[in-house]
Structures are given as C-alpha cells and as structure tokens.
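Both complexes shown next keep chain A, but they swap its partner, so chain B is in the first and chain C is in the second.
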Partner chain A sequence: MKLRSLAPILYILFLMLPIYWLVSMSFKTTNEILAGFSLFPQEFTLENYAAIFTDPSWYWGYINSTIYVTINTIISVSVALPAAYAFSRYRFMGDKHLFFWLLTNRMAPPAVFALPFFQLYSAVGLFDTHIAVALAHCLFNIPLAVWILEGFMSGVPKELDETAYVDGYSFRRFFFRIFMPNIKAGIGVAAFFCFMFSWVELLLAKTLTAVDAKPIAATMTKTASSAGYELGLLAAAGCLTIIPGAIVIYFVRNHIAKGFALGRV
Partner chain B sequence: MKTSNPRAWFLVLPVILLVAFNALIPLMTVVNYSVQETFGDNLFFWHGIGWFQDVLGSERFHAALGRQFLFTGIILAIEVPLGVAIALSMPRSGPWVPICLILMAMPLLIPWNVVGAMWNIFTLPDIGLLGYTLNSILGIEYNMTQSPLAAWITIVAMDVWHWTSLVVLLAYAGLVSIPDAYYQAAKIDGASKFAVFRHIQLPKMKKVLTIAILLRFMDSFMIYTEPFVLTGGGPGNSTTLLSIDLVKVALGQFDLGPAAAMSLIYFAITLLVSWAFYTAMTKDDQN
Partner chain C sequence: MTLEIQDVTKRVGAEIHIHETSLRFLPGHFNVLLGETNAGKTTLMKLMAGLDQPTSGQVLIDGVEVTKQSTQDRQISFVHQFFVNYPHLSVYENIASPLRLARISSSDIDRRVREAADLMKLTPMLERRPQELSGGQQQRTALARAIVKDSKVVFLDEPLANLDYKLREELRSELPQLFADRGAVVIYATSEPAEALMLGGCTATLHEGRVSQFDETSDVYRNPVNLTTAQVFSDPPLNTAVVTKAGGRCTLNTEVSWELSGPQSQLADGEYMIGVRPHHVLPTAISEGVAIAGSVQVTELSGSESVAHFRVGEGSWVSQSEGIHPYQVGESHTFFMDVSKCFFFAADGRLVA
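The block that comes next holds the complex of A and B.
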C-alpha cells in the first residue's frame, strides 16, 4: 500500500524539478547565475520581474497573448456549441465524414501551414492583428471543442429536449435557458482545452504577428538571442507564462479528467 | 436514437466555414506550390510530380523520417505504460485527488518554447540542476550540445515530462468511471490483482487509451518547438526531427516546391497512421 502511493509522489517530484529550477533561476541575479551552481538563490532579487513589468515590449507580450487566447476561446466554444448539438442529436447527410474531417485538422503539422497562413492572412489584411492569431488557432481548437462538447451533450437524455419542445419552448430559448446550464461542466472543460492549446502554441502565433500582436512566447525568443542570453530574465518571463494556466486549471480541476473520457471513439 | 434532420447542417455551418477557411485555403496553397518550380520574382513553372519524386528519393528525408518514427516510438513506449501505472496507483477519491491532478496538469499548460527553454536551463552542464548533478556530483559526463546520445535522452525525457500527464489524466478518468460492484465481484471470485487489471480495468480504459495514444501519436509526430528550442536539431543533425527539417527547407532555404511536397507527404503519413490505428482500435467494438 505504501509503495503504491509512492509512485504518484515520485512522479510529481519529477514534474516539479525543472519548474523549481526555473523559479529559482528567476530570483537570481545574472552575476550569481554566471558565477556557478547554487541550489537556492543566494542574493534573492526581484530585479528580473521588475524589468519585465516596467518594459512595455515585455508586458505587452502578455497582454497580446491574453487577448488572442480569449478571443479564440470565445469563438471556438460559441461556434462549436450548435455544431456539437447537431452531431449529438441529429443524423444528416455526411455527418460521420464531416466529424472525421474536422478531426483530421488536428493532424496537420503547424509547420506545414506556417507559410500559407502568413500569405493568407496578409492577403486579407489581418496580418499582425490579434484576430488573425485567434482565427488561425480555430483550426485545431474548434475540432477539439466540438469533440468534447459532443461527448457531454450525448450524456444529456434526449427526453429533456422533447419535453421542452412539448412545453412550447422555442429552440433558441430551450438551448440557452435549459440545455446550456445542463452542460456547464462541458463548456468549462472545452473552454479550458481551447485556452490551453491556444496559450501554448507558438509557431503560428509567431508567424502571424510582427509587432502589434506579438505573443509573449515570441518576445522571449527574440530577447534570448539579442540580449546575449540573460538567463534570469528569461526564467522570470517563463515563470509568468505558467501563472495563467495554473489559475485556469484551478477552476476546472474537478472536471478535466471527465472532459475527454466522455468523448466519442 | 438520433432523428434525421437535414437542417442540422445550418448548425454545423459556422464550424465548417471557419475551419475550411483555415484548412482548405492554406492546403490548396501548399498543393499549388508542390507542383511548381520558381526562380523568384513570383514566376512559377509547372513541375509536375518532380518534387514528390525528389523528396521521396532523398536520403535527408529518409533520415528525418526515420528519426521521427524512432522518437514517436520511444515516447509512446514510455509514456503510455508509465501513465497507466501512475493512474492505477493514484487514490480514487479524497482530498489529495484534486491536488495531484492540478500538479500533474501543470506541464501541459506551459507554452512549448518555455518548456524548451526550461529544460535548457535545467540541463546546462555547469549551472543546470540536472547537468550539474550528473557531471559534478555523480561524475557522469553529460553535455547534450556535444553528444547525440545525451541530446536524444534529453528530448525524450523532456517529452515524457511534458506529456505523460495527459495519459495519466485520461487513464484516470477511465478508471474512476468503473463502478465499485465490479471490484466487489472480482473479490468474491478471488481474482488476482493482475486478473482485475487484465479483465476489468484494461477493457474499461480502452476507450480513453485509444484517445490518449492517438493524441500522443499525432502531437509527437508533429513536435517542433520544444526540440527546436532545446537542441536546435543538433548536435549535427542527430535530433533534426521531420518538422524541424521541414521548417529548415521552407523558411530557411525558402525552397517552396520541395517544402510543399514534403509537407503533403508528411500530412499523408500522419493521416494514414492515425487512420490505421483508429480502425484497428475500434474494430472490436463493431463486431
């Protein structure tokens, strides 16, 4: 019994080690980092964080990332809701093929699409805007949101719909007043996964932006090469990118495990 | 039972339009490039299937593809059993469950290039926690910028660190959905632990494990940012996986034709393997 609980503890320890190192690095001065190995910060400093919060080219990276991730999550979930309802409740021409086609878009390597995406969004005049990144991330987030929501919706008995229609509810009123509150958890999980995949993606976000909508992750790569590798600053910026995810995951902690389990397949 | 309703198409339409805009137009652009030759100045000439022949026959492509399959094979062989084992050993309820889940999900939410940068800092031979421990305390020579083997071990360790939690979460979700009555019945029958795993837990986890393996296959096959930031494909070409090679060709050398042909072959392989796997895993359900 004791041995059994040891495995998750060891695993979590393994997960935390690199994170600890990043956090500890972010509180060290550049001198201390270059001077040699030290397990804890010797001269504890907030310099690195101060540098980020006072430099617009740094903190705008965070604002940009947050803006396009939020737009993407809203778009993905709101168009996926009716589609998932259709897949879970109705049969229609080509429904199975359509579902598989949606999933294949998750299989397209972003590296394949980087250049055409650049050309496409330049052609429609959206290059270097938040909406461009938000729309591009729909490619892999919408299929995922449809997949998750469909799973949750199939768990709601169809009698609920029928009773509501008999009671004289219109489709719209039924959907917003009765159906959506029933799949709250599913909407939360779908939003969580959209947030997550949009937040962590870099290649497309970097390709589609230059200055005005540049994500924080791209700011990091630029600074790492131009400022001669300031490890402390890089570590502090990295630590700050973990926080939004940690906040979001706290809210859906009881539902994440369920999210995929209910899905199709 | 689902009712037939052709008007359901209207509910799906926004999704189709958005995804098609993002998928079909770029895909057509890639197809267009793949059959043409350019000498700059936006002048294009018909090249037929020449690029496809070049790419399929090139040793560089074979090497990158081989490395890609090796990488994906290794990480699947480690992450799936490890993830299942950890899910099995987790408590099924209690105050520790949400804490475990939150901590385990942490790596999934870190931007991919930060993962690469984090492992870079972690493994620096002189000042990284792992690098220093190995080199100076345990006396094992470790420098991933010089030794291909060390670079491989590092990118595999990084991927295990990054993604095993996904398998754990999914397998755990499958496990908690097993009713207690199953275990009670097994106890009455005097079933061994292995028998419980083989005949109750594994079949119940099959659905989620299919998803886990599919997702892990697709994502590891397309992996780009993390190894690019960590090793840059080096030392030499030893960790140049398929997508890193593709970006080198497409954006580095700006060879649009070969890059486009390579993209399509890449996409086709991913689709084919995913489809074959999906069919094999779901075949039993239909019988």
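The block that comes next holds the complex of A and C.
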C-alpha cells in the first residue's frame, strides 16, 4: 500500500472510531461494557434496542423530538421562502443591514435565550408543548434558512420571473409552479440544516419541556441514573439518534457543500 | 393594433434612466430600437411591457391606457437576450406554458405548439429539457413561446446577440416574416446598426435615455436629424470634425479645405461639425474626393473589406472600404473623403445640411 493512501485511511478510522464504539456498545450488555476493554461484543444482544422500543418513556422521546423538529422545519422553510425572495429580488431601505442582522442571531449562544423563553412560555401557557420548542428553534433556523435560500434564489435570473409574468403567470402561481421547482435543491438543503440544528439542539429543548414534549436527548440524560449506569441502553439510544440525520443527509448529499456556503457557490 | 407611449419618463433615485419619450408603434412591420449598451433599450421595453412602472407618462395599447395594468393582462411576449426558459419543463411544456394559462383546450394547444415548434425547427427536441439544447435551440424555444401566444405586442430584446454568427444570419432573415402576418407590433432592440438596416421597418435611435429620432429605418439612416442619431446609427463610428465655413469654402485645417456646393454653400458662415460615414472615406482617389492625410493606427481586414483607423492632428478617423488595402501601421496614408456625402451639424447638434 502506498504511503500517501495511508494518511486518509488513518484519518477515516480516527473519525469512525467513536461511532463504531457507540454501535458496538449498543450490542453489549452493561456488564460487559463495565468489565473492561473489548473490541467486539462478546455476548451479542439486542436487548438494549428492545428496551427502547417497548418502553414509552424512551420511544416517546423520539416521537417528541421528531414532532417539534418537523414543525420547526416546516415553519422555518415556509417563513424563509418569501423573506429570501424579497432579499433576493427587491431593494428596500436597510435591506443589507437587515440581512446581516439576521445572521448575527446565530452568533448568540442559545443559553442566552433559555431564560427569556422559559419565562415567556410559562406565562402564556406554552411550556412543555412541541410548538414551544419548535418556535424557540425558529430563532436560529429562520435566519439560516433565509441565508441559504437567498443564495440559491439569486442564482435564478430575474428574467425568469419576468418571462413567467409575460406568459401570464400570477405571482403565486409563478412562485409555486416555476420558482420553487427551480430552487428545490436549495429548499432541500435549507430544510436539512433546520432539521439538523433542531435535532441536535439540547439546551432550549430541555429547558422548555418537562414531560409531554420531552426530547430524546433529555430522556437520555435522565434515565442514566435510575438503575445505575445503563450504558448499553444509552449507546443504543445514541445510535438511534444518529439515524434520522443520516437519512436526511442522504437526500441532499449532492447539494450539501453549496448549503454550507449558504448557497453561494 | 398599436402601441403608444406618451411622455414616459423613468427615474431611479436621482438618476434619470429615460427622459421624456413619446413614441407610436404601428403594426405590420418591424420597429427597431437602436442604441448602444446602457442607452436604455431594455428599460424602455420593460416600461412598455409593464415589467417596470414609468415615473410619469402613459402606455397605451390600441388607444386604451394600460399604464397601471399588470404584465399578465397585457397580452404581450418578451424574448430576452439571454436564453430564458423554464429549466424544469420540457421544450413542449415551455412552448405550451402561455397557452395552458389561457385555458385553451389541450388539442388546440397541441396543434399550436407543434406549429410553432415546426416553424422554429424544434420538432425533434420537444421532449427534451432546455439545458440539453444548444444556445440557438434554447433561444428558438423562447421565440417559439413568443410566437405561439397571439400577442398584441412582441418585444425582442437583442434576441440574437448571444448566438453564433451562422444562426444569427438565419434567424435574422426569418424573424420579420414570422411576425409580419400576425398583425402584432414587433419591437426589436439591437446595438448593431447593420442589424437595424437588415431588418428594415422603422427605427428609433436611443442615446442616454433619449430617443433622438424615430422614422423609417432607411430615412433615419440617410437623413439623421442630429449628430446623436448619425453617431448611434453608424458602425464603425462616424467621423466627425469641426470645420469653418467662410464664403463658398470650407476649411478643416491648414491642409484640408474644399469648395462647397448645393445647400451646404447656402449655410451662414461660421463653425460647423461635419459627420462623414466611414465608407465615404476611402483609400483610393474618387471624384469629389478631398484628400486627407493621416497616420494609420490600427487596421482590420476581413475577407471583403478593410477598415483603417488613422489620426489627423488630434482627431481620430475611420475609413471603411471594399477589397483589401495593404496599410502599413504607423505610416502616413492619404485618404479621400467624399464631401458630397458629408453631414453638417450646427453647434447644438442639429443637422443643417
């Protein structure tokens, strides 16, 4: 083997190691994990997964997370679409400042907003609901989606809009029938990023929920102490947390680089 | 059907893009908007098409005011310089799109789409996506979409500018016929004087947001009302020089002067600007030719004609002649100016003789 192909292989091994370790742990018993170093599961078991899929306090964590992440993604993208269109097509007073200000929202740590959100939602009775978390995540996801979509939209020439109007398309019809199909990669990428950020965000999701809308990540931290450390169970839960992201990334794999560049490639 | 604009202006911020303009386009033949890049051709077309709102003034179609009417309701077609099609639809659907929106029966749509595709030689490509076509085919798709719709007004914004030479020639000769029998007002923007002459019809010359003249194309070319029109409608650029007329004699500089005849000799004494088209400045002696010597700067030779840029004192001149003339760059050469074809302009740019 050539030396120069060794470096990437080592790097990939290094990247895959924690994931492999997590997967391997999820098929071990807690005793085996605590017993010491073992590269493969000695006693292969699916019990950890079985426990998760039969215990409502576990699987509801996934359902709750999925619900608020989906609501958030839908709200973020549908609000960002018209906003991004305006930024991309019209010049208005302060448009550039507003556009930049949007992104600065992402620069504040979510912890800053945990307290005001908690107090506000408690006061208006939104505490421990899916929509509460979904709305809180919009604070970060809408600006991001606007930035990504604006980049993709600016790649579509304005002449396309004009041609559609000349052909007789109303604005609404043009937007849904002509414009959206042309930026569908951008919509996919924006949705992916919203999904991802909302899925991995823990602090706000944990602060704003108690029982009814408790996310999976919060479930994981709580169950850890009940009957000692159930490490196998936690590993299985961790594996299941990775899967949705992996599925979503598969659909946008060809456009993801453009998304990271906020659509400006 | 007629299209008319009355006192239309367009201001963006403090900048004036279109100065007060009134034009009346009659159907039946081509109307050309001639002007260089940034002269305001596209802006003026967008104002007429309703894609942009004029700051003041009115747009009328068939005598009915449509200034506030939306583009969708105006029954127009617009073909851009860049090939604009709907990338996610097949060529067939691209052409059919204006008809689909007009709620025409699908058998009718099919007939008309195939007819337009046939005219534009797109029949074998109907099922393909626009990106899979060559530039010329993409532009023909856009043109087919303009044809298929029975528009009152058809705007063609430099539709051939981005096509290769062969296709341009071909489409240029086809275009006037295509729209001629449809009774639509056709407005065609171009930056090439030669194209305006080939298309015929009427021409409006546009310069810095102002229409300097609008008339039959050959009239505008032969009898420009002012210096701007003559300059816009000349390629290579019009030769200009300041001359002094005294009595029957006209003096350009110490070496070049000539005897005036006809209406030119009737002008009042004083300074004038003369304009001579490059093909009236020739490298060989001609009758009524006035010799003018200059040092050759740049030459362009094509198969059938020679263009030489030369300097006379401070002024730069262009000569365009048939055949191949071997110029030596940097050397002096004597050119002959056909002074009978000379335009005389007053200080304000008006043509006086």
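Everything that follows uses one rule, which is that the second predicted complex is superposed on the first by the 252 of 265 C-alpha atoms of A that agree within 3 Å, B and C clash if a C-alpha of one lies under 4 Å from a C-alpha of the other, contacts with A are read in each partner's own complex, and residues count from 1 in each chain.
In this text, contacts are C-beta pairs under 8 Å (C-beta built on N, C-alpha and C of every residue); 3 or more make two chains touch, one makes a residue touch a chain.
The shown structure was predicted, so the numbers you read here are calculated from the model rather than taken from an experiment.
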Inquiry  = Looking at the superposed three-chain arrangement on chain A, would you call chain B and chain C a clash or a fit?
reply    = fit
Query = Who does A:254 touch here: chain B (first), chain C (second), both, or neither?
reply = first
Request  = Quick one: classify A:181 as touching chain B (first), chain C (second), both or neither.
outcome  = second
Message = Quick one: is A:40 in contact with chain B, with chain C, with both, or with neither? Answer first, second, both or neither.
response = neither
Inquiry  = Once chain A of both complexes is superposed, is A:139 in touch with chain B (first), chain C (second), both, or neither?
reply    = first
Key: Degrees between the directions from chain A toward chain B and toward chain C, using C-alpha centres, nearest 10   = 90
Key: First (chain B), second (chain C), both or neither touched by A:157   = second
Larger contact residue set on chain A - chain B or chain C = B
Task = Tell me which partner A:166 touches in the superposition: chain B (first), chain C (second), both or neither.
result = second
Task = State the minimum pairwise Cα distance, in Å, between chain B and chain C in the overlaid complexes.
result = 8
Query = Which part of chain B faces chain A closely enough to touch in the complex?
reply = 2-9, 11-12, 14-16, 18-19, 21-23, 25-27, 29-30, 85-86, 89-91, 98, 100-114, 117-119, 121-122, 126-130, 132, 136, 161, 164-165, 168-170, 172-174, 176-177, 207-208, 210-211, 214, 218, 221-222, 224-225, 229, 242-243, 246-247, 250-251, 256, 259, 263-264, 266-267, 270-271, 274, 278, 282
Task = Would you tell me which residues of chain A are touching chain C in their complex?
result = 157, 159-160, 162-170, 173, 178, 181-182
Query = Touching chain B in the complex: which residues of chain A?
reply = 4-8, 11-12, 14-22, 25, 33-34, 36-37, 39, 75, 79-80, 82-83, 85-87, 89-93, 95, 98, 102, 104-117, 119-120, 135-136, 138-139, 142-143, 146, 196, 199-203, 216-217, 220-221, 224, 231, 234-235, 238, 241-242, 244-246, 248-250, 253-254, 256-261, 263, 265
Ask   = Which bits of chain C are touching chain A when the two form their complex?
value = 46, 49, 51, 70-72, 76-78, 80, 82, 84-88, 97-98, 101-102, 142, 145, 149
